[in-house]
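The structures come next, written out as structure tokens.
What follows is subunit A paired twice: with subunit B in the first complex and subunit C in the second.
This part shows the complex of A and B:
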């Protein structure tokens, strides 16, 4: 009896302090946006450009795995604004040479092109759907290139210690609920690096279904960089781990590299075949 | 003799008998709250069965949901109008929010992407995004959706009158409850749209719910009907109470035992109450004889002792044969049937024990006044009764030959009917034609690809083999061949996806509606598909390592025979066109599953039936201590069964699970009358060795008990004829028919047969 009584008192204390915290931060939802903006910049826009080698392993429930190796070039037109992406697949062997070119426009649909070497075809892709899988992985296209800040309402729920990280906890709720398969996301963002440590996705019924997790952060040329991350789909038992094998910042990429006609002949200076 | 001493002890302490029985009953009754039901057809086979294990593996390998509800929206004016499309959008969203629904895997036009090609551009967007508000916009949408072969007859019917949503649910939830929740979301004002819910979980769980309701309704009605009949027969409340108490006790003990052992209640065991009530009517023989005896000896205790002495043995043997007949079901492989057989077998033994303990004890406790009234009331009946029954007896003895000839003619007709029997099982047909579930299934099958699903799994030897154009072409060829069957409404596989990508990448040119020539091309298309569509859709048709592929078939009928034809067609095609590099094809899916257990039921039942026949014959020979007498007692039973199943064959009723099960059950039950008849005839003949007189007496006196028993039995079962579920109707009507027929056969044909074979029978039989 005594024990139970103590538990109850303890629980009520907790909920009181939780309420105080919640109301204090909810009053200023702008803080949530600020934290998110800092995260987007740190995660998707570090330095002016980047050249990276990426390795991806997708494992299904039965433990079977698929692997991909790709090269990615990124160039920012403006910090937090328009961006160029060039993605070239090395592996699996039968898709070697398949490439994507993306001109990211925050606030409207991106321009995307695709090169299919087996039929030597460049196709422009018009899509409003950014939630499609990135190369068959559990990451969506949007997870890889960043979701627009204005798509969601961001609310700072509080501060939390997560392992070695001290984080801000942000809840992002889509403004137009019909467009995406989640009802909201919870993001734990490292206070020092502004990089996401963990992201939980909740489905339309409010059930957790997908979890992003940062597994390794390295300082590359002084820039804190996530070099290993995983996305786990709880429903399907799928998991994808992305490893940045090598990354170099500010290599001097220029906009003329990101052109549709260059898809047929990948710039060998930047992409080692 | 010991048994007699024991019996006298019971007569000395009737109250203790009552008390002990009550205590045990309370114990078994206490188990009832733990009840669980199971109507999943997959559980027909044991967990260790290879078919079930392989099916589970296929579902895992291809990320397939085992339980999918299909919501159909039919509008004869066409579904491409603003109102219907808006509804689909809203409904999809609302359904995704229902608990128990696997939200992200709900497939609807609003959740799947359509990839099209316009002016050299690849357009990837939800098949139904923003609903177009203009007529022109609607017709563009219509054209684009009907132009995607992956959608036609799956998400939208080829004539654009029907749309479908596929709603996977979690394995632990009840399909009927989800279906009811979906129904509550449907708009009140339909405005030309009609909504239908179909799919295995709906049918299965609706059946489960209905099963309980029907049994809760019909068990008491059957009991009441029997009570009324008993009143007309004996005009004594105590007899009714004793009879019904025996029935209730056996029901409570056997069902309680089943639940206590942790078994779920299946469709068959749900019918146990009615069966046990009917079997409990065996006690009528005791009451019948007791009423006769009491009038003769006037002393209650002597009357009981004498009654048990003459009726005891036939009651013992008839109950044991019944128990054996049911227990024979346990030799088969079908789990619910095994359980059912054992439940009823056990219940019958309980009835037997009660006949020797509780029934005499109750008779001991009836006050003398009531008892004499009962004897007189019963006496009134027989004044008219025996007259026509003894007329019948005289007729049977006098007209042996015409009776036997008529029997022979009927037998030939029955055999002709037996050859017409069509073995089939169809879960949806367990509902009546006009029922919601069956109507939904029928309408959906008229408009779309089909509500029943089968898988043909292509197992190659090497990883990546599925990406070889030669194999994909073979898969495509197999699909086209299978689609020749009008009941195969839709097939889809990795080949369809690859072809679709090929065509779309080539500006929708029909020339590219084919499998590309190089493996590299296929590989790159599959890679694209992984990023374009929901990865799960591709996972459904090709596994991670591209070593196995899955052809998904939609069938328009739940008939087990359809799947059999599909497999035969596939085998024939593969014989002509063997798959490259030794790849093999293996079937799975609910349709295949139903086919397998349907087959198992047939052969399981046939084996059980043959075993039952042998066992019953052996018991009869043992009981009569004569092979010939055993055979003669056996004939009315054989004749009854041949006739009943002959009629089943002639009227074209499917020989499905309920019917198959009855064949075995009827054995143990229908033989009871012959046992009583022969046993009592032999007793009488020993006392008064006049053949004709003994036969006529047997027809008149135990014959009355037999008819009373049969009528009670038939009335109890006939009530189920008014059920909403066809298996109950089938069981009710067939059981009633079997009982009436076998009583008539026993009473009419046994005198004729005994008279005909008198020289052999009476020399070896009771003459000594």
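This part shows the complex of A and C:
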């Protein structure tokens, strides 16, 4: 059931970002929250749907690397609200052909399924803990999928120039401090695209221990898109880089596509193998 | 001869491994790389052969499973698993002719070459070989050898009536081998209201039974004791005839976040649950039908996934229960619950009840020497899993425990994903039982530890 361990991780990939953005936002107004909400929409809800090929490289201090390659389909039912996700794994070979379906519902738990082709098994999975590593990488579920807006207090610290970017600097402090391993995060958010440029994580002692950085932003069909990003664990030197190899927006996905059939039979018109 | 054979296989495996490595060195010439106007640094290959071979995947694996309480009953006393395996799989999606391409065809083939040191044979087994098409937008047809699975159980099956390989399960092969392939046609129709699968199996495939006695010792009802290779059961399978075609159907739909299924099956017991002739020790696979239902979804308030499944097993050749040589009809009930916790912990539990119907008839007709049974057999399972080392090491323990049979079966396992290609698995199969004739108790002299090394490509 190694497959399941691996799958569970992917299962939670996009579990949080859509949760109650609207209502959460209402309860947490202010400049910091406005900036954060715009970031979540720009990062997780661009256009109506998307088809992408994702590549991930996990490198340890010794330089040994592990690689994951997957194809992803996303469809938004409403902007900032319900979403459908389908993920198909190309690599590593061990999980090649495995697929994964997520129906994200604001206000209640997501529905998630994993398909293991070698035993023709459609497995329903539950994921409660979102702070564990995503596929053995340096990203946690929440790092990858976006943390629920209402989990933190967001304070706009000011504006800062960061390299070529002109950014808003936001400090996000968890409302329930016992739930997470960081005491606060600092986010640099691009004023123009609303995309995150850099995120620093500070541990419970206030020491910087993990840094996210955007390494490449491209305009895809007019939509600013992060096509390369990395997360580095400062203590261990461990690093993970995620690359969007290809992405197309508004390809015409429909909700009825996201059914059990999709798991048992990868859609060849969307997933090139 | 054994050595020569092994060398040939190793050479073959190395050749296959290195060939595929070369072919994989250049990433696929997938059209997807062109999407989105993102410049790619990968070379685009136009060689059609590279395309075909690029879709070849598989693994090589060596496995060894020494027994630690040999009972000297089976073929080999010191171990029950020693083998090398090469698996290759390939998918092909033709784009021509146009009429076929419009059906979105897929052909898939997966085969295993196994050097089995235990049985001193080299075997080739086709695991899957099927064609899959969509003649209509709302219909899929899958024809050929395939693995079939449905139902909600974790290692427990009520409405999943498809063949299993319990021998593989009990000696420590990969979970993949618990499911044995069927030669079948699967017809699926999809609609918003309800979807349906109809599986037609013209040639009956039994479970890979443990009661062959060559690899695992088991309780032989004719000898009245645990036996191994001296057991001489004769297995009679249903003849390959149109009237013996098995049919399994499933109707399913979701209600909100809950998945619901209805199942119906007409065919045969997958295990030899009937005795044709006691004096010749001739056993057979009686006819049966199964009707059932299941539901699965989030457990309210506590989180996690809960499931429930029921099945009515209709023993068509002994509906009254009066024939002591054929398994009675039964009701089966299964409840399951699974959830995860912080720090990559995951737990699952199941409760299964098998209710023998016409139990009075069973008792009235039993004879001395027959296996005693309970009207309600209960079975509990617990699964606990924890991931370590950035999720590259998985430790898990799966436990079966039956309070009514007073037996248990433990499956501890460590799986280390050493790299993207190398995987090491170490585990054990440990059986306990008060009686010699219960499901797990009969296997108590087959305890083993096993180690598997696998290279996936």
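As a working rule, the second predicted complex is superposed on the first by the 239 of 273 C-alpha atoms of A that agree within 3 Å, B and C clash if a C-alpha of one lies under 4 Å from a C-alpha of the other, contacts with A are read in each partner's own complex, and residues count from 1 in each chain.
The criterion applied here is as follows: a contact is a pair of C-beta atoms (placed from the backbone, for glycine too) under 8 Å apart; a residue touches a chain by one contact, two chains touch by 3 or more.
Bear in mind the structure is a predicted one, so any value in this text is a computation, not a measurement.
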Is A:67 touching the first partner subunit B, the second partner subunit C, both, or neither of them? second
Going by the contact rule set out at the top, does A:135 touch subunit B (first), subunit C (second), both, or neither? both
When the two structures are overlaid on chain A, which partner does A:209 contact: first (subunit B), second (subunit C), both, or neither? first
Is A:218 in contact with subunit B, with subunit C, with both, or with neither (first, second, both, neither)? second
Could you say whether A:253 touches subunit B, subunit C, both of them, or neither, answering first, second, both or neither? neither
Counting residues of subunit A in contact, which comes out ahead: subunit B or subunit C? C
Would you check which partner chain A:127 touches, where first means subunit B only, second means subunit C only, and both and neither mean what they say? both
Please indicate which partner A:108 is in contact with in the superposed arrangement: first for subunit B, second for subunit C, both, or neither. second
Using the superposition on chain A described above, determine whether A:242 touches subunit B (first), subunit C (second), both, or neither. neither
With the two structures laid over each other on chain A, which partner does A:231 touch: subunit B (first), subunit C (second), both, or neither? neither
I'd like to check the shared interface: which positions of subunit A are touched by both subunit B and subunit C across the two complexes? 64, 66, 92, 94, 118-119, 121, 124-129, 132-133, 135-136, 238
Complex interface listing, subunit C residues touching subunit A: 30-38, 40, 55, 57, 59, 91, 93, 104, 106, 132, 140, 146-150, 175-176, 178-179, 188, 190, 192, 195, 252, 257, 259, 296-298, 303-305, 307, 338-344, 346, 385, 387, 390-392, 394, 396, 415, 417, 419-421, 423, 456-457
Within the complex, which stretch of subunit B touches subunit A? 60-61, 63, 89, 93, 96-99, 102-105, 113, 120-126, 129, 467, 505, 516, 518-521, 523-524, 527-528, 530-536, 539, 543-545
In the complex formed with subunit C, which residues of subunit A make contact? 1-2, 4-6, 8-9, 51, 53, 58, 64, 66-67, 71, 91-94, 96, 103, 105, 108-109, 111, 118-122, 124-129, 131-133, 135-137, 218, 220-221, 227, 238, 244-248, 256, 259-261, 265, 268-269, 272-273
Considering only the defined contacts, which subunit A positions touch subunit B in the complex? 60-62, 64-66, 89, 92, 94-95, 98, 114, 116-119, 121, 123-129, 132-136, 141, 178, 181, 203-205, 207, 209, 235-236, 238
